[in-house]
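Each of the next two complexes has subunit A plus one more chain, namely subunit B in the first and subunit C in the second.
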Partner chain A sequence: MDPIEREIRYESDRDPTFADEIRAMPGCELMDRCIQCATCSGICPMSDAMELTPRRIIELTRNGFKNDVLRANTIWLCTSCYQCQVECPKKIGITDIMYALKSKAIESGAYGKKFTIPILAREFYAMVKANGRVSESRLVQRLFMKTQPTRFLGMGRLGMKLMKTGRFSNKVERMRNPEGLRRALEALPTDGRKRS
Partner chain B sequence: MMTELHQNGQEEVRIGYFVCHCGTNIAAMIDVAAVAEYVSTLPNVVVSKDYRYMCSEAGQDLIVQDIKEHRLNRIVVAACSPLLHERTFRTATQRGGINPFFCHMVNIREHGSWVHEDRAEATEKAKALARGAIGRVKYHKALEKRREPVTPAALVVGGGIAGIQAALTLANTGKKVYLVERDPTIGGHMAKFDKTFPTLDCAACILTPKMSEVYAHPNIVLWTYSEVEGIEGYVGNYQVRVRRKARYIDEELCVGCLDCVDECVFKVGNVDDEFNVGLSKRKPVYMPFPQAVPKLVVIDPVACTHLNGGNCQKSCVDACERAAINFDQTDTIEEIKVGAVIVATGFKTFDPKRKPLYGYGKYPNVYTALEVERLVTSCGPTEGEVVCRDGRTPKKIGIVHCVGSRDHQTNRWCSRVCCMYSMKLAHLLHEHTGAEIYNFYIDIRAPGKGYEEFYERLQEEGNHFIRGRVAEITDIPKVAEEEGMLTIRVEDSLAGFVRRIPVDMVVLSTGLEPHADSQDVRRMFNISCSREGFFLERHPKLAPVSTTTDGVYLAGCCQGPKDIPDTVAQAGAAAAEALTLLDTGYVEMEPSVSVVDPIFCSGCKTCLNLCPYHAITRDDAKGVAVINPVLCKGCGVCVAACPSGAITQNLFEDREIFEEIEEVLAYA
Partner chain C sequence: MRYAYFPGCSLKSSGRAYEESFLAVCRALEIGMDELDDWNCCGATAYMSVDEANSHVLATRNLALAERVGLDVVVPCAGCYGVLAKSKEYFEKYSSVRNAVTTGLAAGGFAYEGRAQVRHPLDILSNDLPPRALRSKVKKPLKGLKVACYYGCRLIRPVSPFDDMHDPQTMDGLLKSVGARMVEYGLKGKCCGGSLTGTVPEAGLPMCYDLLKEAHRLEADVIATACPLCQFNLECYQDDIAKKHPDLKPMPVVYFTQLIGVAMGLDPKDLGLHRQIVPIEPLLREKGILGGEDAKPKAKEPAAAGGRS
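Right after this comes the complex of A and B.
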């Protein structure tokens, strides 16, 4: 049997700089205004599957409870539908905060190794950075390969069938001038902070 | 009966009956049309009607028209409580051309539709009540209201911001005002505050000019260090006895130079300074604070060596060049006459020792909010430097909301100001010390102009708001970070777990409660109080500054916790109500008073001691009781008590009451 989990938090459980780091990211400035009305949690189409609702994510983030926030599945279940952000009475950039938290989680490796969503995000970004476009079939193949390689092999026959009927292509889609995009991306700060 | 009245030479009784639907308030539970139809069959009834809103202009006109058209001389209106609309229908009756006291009201709303669930039975009851009224109204007599002149002066009790505002408003209209304050200075709690929310303007800067204005105002008689001892009389004509406590200082001579304070044999203070809520000491001779109004010193008879019979060299007397110190001074009594009284006696703050879990009095660094006000203000004991009792400058401060509020173990009510003053103190403490501030709250209540915005500002300034009522404050550490700190244990109900937060300093946001002697004040002014002990307004919405005693009005926190803007607004309203009375110049007395028939009175004095209003005296020359109609409130005690049946009460004569009872019973 598992030992009883400690449900108390000491001040040392808080990361003193975490809230400031998030606050400094674009769109996250107004986090402290939150009045915990829970409109975000109510309107979120994914909140029933979340370990922590968006409201609690905001509360824990601004109080510096980094581990609780980054380990929860919440930030990865966010579909970026922006409904929370649109409805927030205090105009807080909730979805933007979710993005900031995702990048923090990737930075600190605070998520399961086989957890698909951060891998998808990274592969998506790498492909866009390289080609300027996403080739969907290739993205799906890469995601499967990295997360469920055995299942990927088992789906070979289905893949061939789809390819024959023209519904699945391995063609790499490229934009005409990927160099321009690359330069634009390089001009951005890598840590996600606002440029001064 | 009708023939009897005819034989007495009176005109024929012609009754009009009007039953009100009150929208659906009455009509939904009582078949008003059926009641009206039934009443039309009763003797002497000439007109019987129902109408949707009798109190409306059209409803009143119905009465006026029918009186003229049908030569009605008695009116019965079945509607709501006479408290609400008796005056309305009496006035309409008068407009119709007959004496207003020929109108009688039957309450079929509060006594009928609102309290019954069976429509048929409620309708039957309404019919029975109607029959009783029809029976009694024929005996009604024409009565006249008495007018009594009003003394054009007012008494304001309490010299806090409420009393100051009310006194100034009244005085500015040219009325004479007596302002009586218990403490040696006016200013009340507000004088102790550093800044005021949400604008953060300095409390002293906005209050002290008003205090000086009171002192200098030609229409205000300011008596500090004085208490109202007794009040007699009635609306418009009160006689008030004020005890002016001995200051041991001649007020005419003292100029507040403080030489006596400097030369007092006590070189340092030996008594807790009331103005600094015990954070500093004062001498037996003292001025409460430098901006005190009036600018006079006072000698504390409990602390002064000489006044306690001790052997003192009385260096203060030698120090006073103007020979203002007078140890032979005694209390004096002033008798004044006023027309109106404004009670503005304020509040006291909750004693947090009643919540031992918060460690007030046990841990030196646990403060009340009022203490912190004195701590952050530049004219306080530390001149604005926030240093804890153990000498440390706090780096982390916890502010505990709702101490002695919203708590059935102490006070049930919300004290209304604590959320806002806690946030103000959070701002000021952060400004003074740069400390990290934690607010522990149940709900943030910021319902005022600019208040929510102030809350948002505090959030954006980086203050922590932790939703959870603090369970315990302890100095026993569980982990290293808690060593030497006060640890606050609370469930952060928004984050969803229990937290332990070590802080250097704790501020308890204590609630507001009535003064310990508020019951004595209440009895003296013959006003009511609500369950918690705050004085009760006559109506929570429509008469918020009046009391159940005519001519006595309320202002400020004695009526219930409120902030400075609300207090000032209420004080203005109380002044306006008092002015209405004083400016009218007379009061109209209800004629429903008791009268003694001297032929039957045996002079037994039974009624004298029973009268709660001291309205009855005995004319020893004639050997009979005499009722002062001005003091009589028409309670009827004397009527019931008189062994000779010599006392009758207008509108409640025996034959009126018995006829009403008989008719009601006859219906059943």
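Right after this comes the complex of A and C.
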């Protein structure tokens, strides 16, 4: 028998501090103004593929349903195109809330294996930390080999064309002197060092 | 006219043609562009998802470099432009961001005071150049070329300091002034899918398909962009998209600076036209805008040299 999936959410599912943690992040402070009009869901180019639409994400977030929000594919399908944010009649920083949720999900490891964006974010983060710059071609190759090896093989022709036109190389891009930047990024007590 | 120039990572690799054509156009218009010394990655959308506070330190270090030389910074990549502009805005608006930035930068020997402005090439070419400065340099007007101007997200959202958020016109205006004809591209501000084309192709590629199909429906000859990610998505995945939609014909997708450069009669090689995957030169010759042969890469191709995949 298939496991029974519970549709109803209970008081006990709520995380008492979650909404406050999100509200405290820059750009996220107006979440409680939401009138659930769903302008965001209507204009979002990705909402048809989302398990929870942006409107529902806002409602669940401000009520502390941390697990529902962080496990949904929604935050990883947000391309941060800011359509929702500029059209919101209450001027809520919806895209900033999506960023805040992404960082919470990465921090707590609460996301399904099928989502490759957290892997991209971590690889990107590590590259910037090491070199101060991103070597695009290397980043793309590492991501594809880790997450979509079959598609990667099928993209050989594009890779050849990009190499031929000088747009793809294995050169490592780095700053001349990354020391100052490294010191700057290690100065804050709350930085991501422990998470990387 | 002199500015600091922040290229960002893409303009040094997949988006090289954007850097080449932008700098060539600036030289021809006598606009000084000084590349920021030892700039760093802006952080894009990825860094912000891992470490919010430090993402602002990362971005504002580049603004601190611009302040050192006392210039405003021009950022052609729409992604980098959005990130740097956001960090500048949040530096002004939130004391928590200001404190993080000040502490972080000081530890690295930098200081940012919020003076350096973040500008985009569309902005300076439309608003800082004297009127007619561009028009007077046109040697090969883009007559008969029908262009769909595509702005994407970050140039016009969440803020749009130099254009109309819902109906941007700066790119249309510039390309009109060099003789091209615009189509009414209603999707000019719709998202291209960003990095989803790579990470979740079943969600990302249909967004590119919509944009390409609409440009074809309007009988555009070419799509013009101002962002290396938009350009890459719309040009380089066309084969991938055509597997599912065999009716999709090839559509050249170029940087608006490449079209301006062509109109100014600059050498196609200096505009990176040879870096197109979907070529545009045959079309430009057909229209009588370009004569002679296709641009061949110059003898030396530094970044391509070490390439192996």
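Note that the second predicted complex is superposed on the first by the 159 of 196 C-alpha atoms of A that agree within 3 Å, B and C clash if a C-alpha of one lies under 4 Å from a C-alpha of the other, contacts with A are read in each partner's own complex, and residues count from 1 in each chain.
Rule of thumb we're sticking to: a contact is a pair of C-beta atoms (placed from the backbone, for glycine too) under 8 Å apart; a residue touches a chain by one contact, two chains touch by 3 or more.
Worth saying up front: this structure is predicted, and the values here are computed from it rather than measured.
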{"item": "First, second, both or neither for A:Glu11, with subunit B first and subunit C second", "value": "first"}
{"item": "Touching partner for A:Asp32 - first (subunit B), second (subunit C), both, neither", "value": "first"}
{"item": "Partner chain in contact with A:Gly42 - subunit B first, subunit C second, else both or neither", "value": "neither"}
{"item": "Subunit B versus subunit C as contact partner of A:Leu143, first or second or both or neither", "value": "second"}
{"item": "More subunit A residues in contact - subunit B or subunit C", "value": "C"}
{"item": "Touching partner for A:Phe65 - first (subunit B), second (subunit C), both, neither", "value": "first"}
{"item": "On subunit A, positions contacted by subunit B and by subunit C", "value": "none"}
{"item": "Complex interface listing, subunit A residues touching subunit C", "value": "25-27, 45-46, 49, 76-77, 79-83, 85-86, 95, 99-100, 102-103, 106, 116-118, 120-122, 124-125, 128, 132-137, 140-141, 143-144, 147-148, 151, 155-159, 161-171, 173, 175-178, 180-188, 190-192, 195-196"}
{"item": "Footprint of subunit A on subunit C - complex, ascending", "value": "9-10, 12-17, 38-41, 43-54, 57-58, 61, 90, 93-94, 96-97, 100, 103-110, 152-154, 157-158, 165, 190-191, 193-196, 198-201, 203, 207, 236, 239-240, 274-277, 297, 301, 303-309"}
{"item": "Parts of subunit B lying in touch with subunit A, wherever the complex brings them together", "value": "444, 456, 459-460, 462, 464, 466-467, 478-479, 481-482, 492, 494-502"}
{"item": "Contacting residues of subunit A [partner subunit B, same complex]", "value": "7-12, 30, 32-36, 55-56, 59-60, 63, 65, 90"}
